[in-house]
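You will see chain A twice below: alongside chain B first, and alongside chain C after that.
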Partner chain A sequence: MHNFYYFATGPLAWIAFLVFIGGSIWRFRSLLELARRKDSIVFEYMDTKFALRSIVHWLIPFGSRSMKINPTMTVVTFLFHICLFLTPLFVFGHVILWKENFNISWFTLPNAVADIMTFIVIASCLFFLWRRIKLADVKYLTTPLDFIILFIVAAPFISGFWAYHQFPGFATMTIIHIISGEIMLMAIPFTKLFHMFLFPFTRGYIGSEFGGVRMAKDW
Partner chain B sequence: MTSNHSIVFEQDEPSSGQQDLVEINKNVCVEEINAILKEKKDKIATALKVCAHCTLCADSCFLYRSKEQVTEHMPSHKFITSLGVIYKKKGKVTIEELYEMRETLWKRCVLCTRCSCPLGINIPELLAIGRRILRTQGVYHSYSENQPLTEMK
Partner chain C sequence: MSEYKSVNEIKKDTKKNESKKIEDRGILNGLEQLTPEKIESVINQVINDETGARLKVYVDTCVHCGMCSKGCHFFLSLNDPKFSPAGKVKQTLWEILRKKGKVSTEFIKDAATVAYTQCNLCKRCAMYCPFGLDVAYVMSVMRRICHKLGVVPLYIQDTAHSHSATMNQMWVKDDEWVDTLMWQEEEAQEAMENLRIPLDREGADIFYSVIGPEPKFRAQLIFQAAVIMNAAHENWTMPSMPGWDNSDMCMFTGDYEMMERLKRRHFESALHLRAKRIVMGECGHAFRSVYDVGNRALGWKMPPIEVVHAIEYYNELFEQKKIKIKKKFDRPVTLHDPCNISRGRGLHEMARNIVNATCSEFIEMTPNREHNYCCSAGGGVINCGPPFKNARVESGKAKAKQLFAAKAKGAEVVIAPCHNCHGGLEDIIHHYGVEMELKFFGDIIYEILELPES
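On to the complex of A and B.
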């Protein structure tokens, strides 16, 4: 068990970060290269002002018509993404690891706040799962991979919550937490999770088209 | 590479009573399809990678809203089941599939370009690419032929 823990926190952690960073760079480079060679009009379309205008509007809760007509989804999606990003970065246990290993540290979340944010992520994942199973439109588009991705995202939060509160079997759950987090990192460049990096570009592209060509709002 | 099919398709919706002027091409030329797929791979691959299957684009389609919210009218569904399928199959689609896609790409979308994706996928552009591919195989509707209206029979 100890050997496995050291493997998960040592070599596997390095591999996960390398795959995440290297895979993301490779994915970006290959897409940009492809666009440059075959579809260079994309770059001519891009307009910083209109791109930023679109990105900002879609990053403000209820900033678009789509968000206004889907209020529940809007609230859940925003809370989910905010908590999904901030909790792993600022939870005390993770910052301590950075301090111990690299002697760098930053602001940490109070444990109670981190608990609430973790709960929000788990509850949001359950909400998304419910949508995929129950809502006809969503069910129609859902593939088995969508369920796997949902599980990949939820697993580190469920296991982290379990391990932190030292529920039965928390030692094993700690290892599961580490491995599931590493799986999520490694999955980002190769799955739909990559939308976290592509969003500014897809949004910016269509924002540029709406602003510069159609002279219309895209929110 | 071509694939032959002998299936006979109805050229029009039975209720319309109009003759479709397009001659059915029973051979699918994979090379022609792949030439377009290669040209637009950046956009198609990105869209497929980005689409979270959230269905939030549905309400931005007036056909979806006006046709009792039929699932087939969701913009994301239209893209995934037409161009998405052609891309994933690397152009190796049958003529039957192309004729099914014709209904999606022409009858369920008027290319009004008003649909919106929260993640910024340019769905109308992808559906237009889908139409372009189908046209190379002679699969389209007479009203969408590239000729002046006065010359249409």
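On to the complex of A and C.
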């Protein structure tokens, strides 16, 4: 078990980060290359001012009509994404690892806050699961892969919560936590999780079309 | 939670919709010519040669969240998940990309029906998708594939044939066109002595172009425009030869080669006469084709000559006080913002300026401006003709509710500055018993216009 722990925190962690960073660069470059060859229109009409105008409106909670008419989804998605990003970066247990391994450290979240944020991520995933099963239009669009991705995202948080609170079998759960986190990182470039990187471009492009050509709002 | 419809609620509606299968001869005849090999090769040709990162990103980035559903009037009207924008992608390009073009004729039949008749290409969903994914673009790619496969609804294909044979949408012959203009000139002279519809005048300030259906069915609109132009003492002209029709059904069938020919003829017609700018009648899709789509296809980032929609033009007439009115139109009006000039060109505020300049009482319908619901007729859907009429009118249920709400606040007249919207709204108003009168801005301005002394 110890060996496995060292493997998961050592080589596998390096592999996970490499796959995440390398894979993301590869995906980006291949899309950019394809766009250069086939979608010169995107570069022609992309406009920084209008792209930012659109992105900003969509990054402000309830900044678009779409968010206003879906209030529950808006609150949940904003909380979910904020907690999903900040918790792993600032939870004490992670920062201490950076300190131990690379002698760098930064601000940490109080444990109670990290707990609440973890809980928000897990609850949000349950909400998304409920939507996928219960809402007819979402259900129609849902594929098995969507459930797998939801599980990939939820798993590090569930296992992390479990391990931190030292529930029964927490030692095993710690390893599951590490591996599930690494799986999530590695999944980003190759799944729909890549939307985190594409958002500014898709939003920015439609924002440019609406702002520069259509002279209309897109929020 | 009130913002959601339950699965059971929607299942009922879905069953209701599935029972009605529409057969269209254009689609059926096209399918008979297909083989699996042809389908695969055409699809891959379009995907590989004509699309790129945009299509890939639009299909791959969609996280299947369903936020677009409420952006679509089809979904809002029919409560069927198949009509959500992403649901339409699922039934078309999603499968095509997954199966690399190895799809059945049955699939093409359904995909053609979805792309041509269940999406107005209004782009409202792009304003509801958090990523701004452009489903209208994806549907256009599907239409392009169908066009190349020869699977196009009969009625709209007929208009495309007319475009290629006559350069206008309605099989109007060259002599009939000039004859119609002279006839309208004569009629209008009853209202205004010395009125002219100047043909082929070189160096005019305004090159006035209309859509094929105007000379065919709504010649009085040419009459009204002539009166307004003359009252404003404009130096204007209309072309006597092909190039006069700014409409474009080829843009909607996916026949982009023909669309390019049409737009080139229209631009060249204006440039040949050394006109200063093109002013277009109250049409939405034609404006889209001239201002946004056709120019790009021809390689112009923006149109090679200034293109002005009737709304911009009328607004200018009032701002510059070029025309006078006798008195304001005194019945309460509401305004329908057409997709192609509101969401497509931001003319909604100018439209309101005209309403305020011409009407005594204005009642907004909600949602409005960029968020207004489409009339369900746009994007070539009404041009797919009688086989799809009932389905189209049913998908206008959300629109009917919106009109009823404006009527409850007192509105009696709907102003819709777009021909397709007129067709669509007329059917909706009739079918749901809305009982509101429908008008163009031109109708209202003509009615209240103070004619200058001759």
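One rule holds in what follows: the second predicted complex is superposed on the first by the 219 of 219 C-alpha atoms of A that agree within 3 Å, B and C clash if a C-alpha of one lies under 4 Å from a C-alpha of the other, contacts with A are read in each partner's own complex, and residues count from 1 in each chain.
Quick note on the criterion: contacts are C-beta pairs under 8 Å (C-beta built on N, C-alpha and C of every residue); 3 or more make two chains touch, one makes a residue touch a chain.
This one's a predicted model, so the numbers in the text were calculated from it and none came from an experiment.
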(message) Given the alignment on chain A, is it a clash or a fit between chain B and chain C?
(response) clash
(request) Please indicate which partner A:Ile41 is in contact with in the superposed arrangement: first for chain B, second for chain C, both, or neither. (result) second
(request) Answer with first, second, both or neither: which of chain B and chain C does A:Thr202 touch in the superposed model? (result) both
(message) With both complexes superposed on chain A, which partner does A:Ile104 reach: first (chain B), second (chain C), both or neither?
(response) neither
(message) As a test of reading the superposition: which chain, chain B or chain C, is in touch with more residues of chain A?
(response) C
(request) Would you check which partner chain A:Thr142 touches, where first means chain B only, second means chain C only, and both and neither mean what they say? (result) both
(request) Answer with first, second, both or neither: which of chain B and chain C does A:Arg214 touch in the superposed model? (result) both
(request) Based on the superposed arrangement, let me know which partner A:Ala112 touches: chain B (first), chain C (second), both, or neither? (result) neither
(message) For the combined three-chain arrangement, which segment of chain C clashes with chain B: 1-9, 145-153 or 181-189?
(response) 145-153
(request) State which residues of chain A lie in both footprints, the one left by chain B and the one left by chain C. (result) 31, 34-35, 38-39, 42, 54, 58, 64-66, 69-70, 73, 135-138, 140-143, 146, 192, 194-195, 198-199, 201-203, 205-207, 214, 218-219
(message) Give the list of chain B residues in touch with chain A in this complex.
(response) 38-43, 45-47, 49-60, 69, 71, 74, 76-77, 80, 113, 116-122
(request) Give every residue of chain A touching chain C within the complex, in rising order. (result) 31-32, 34-35, 37-39, 41-42, 44-45, 54, 58, 64-66, 69-73, 77, 131-132, 134-143, 146, 192, 194-195, 198-199, 201-203, 205-207, 210, 213-219
(request) Report the residues of chain C in contact with chain A in the complex, numbered from low to high. (result) 1, 3-7, 9-11, 14, 51-54, 56-58, 60-67, 69-71, 75, 81-82, 84, 86-87, 90, 126-134, 292, 296, 301-302, 342-346, 348, 367, 369-371
(message) Which residues of chain A touch chain B once you look at their complex with the stated criterion?
(response) 31, 34-35, 38-39, 42, 54, 58, 64-67, 69-70, 73, 135-138, 140-143, 146, 192, 194-195, 198-199, 201-207, 209, 214, 218-219
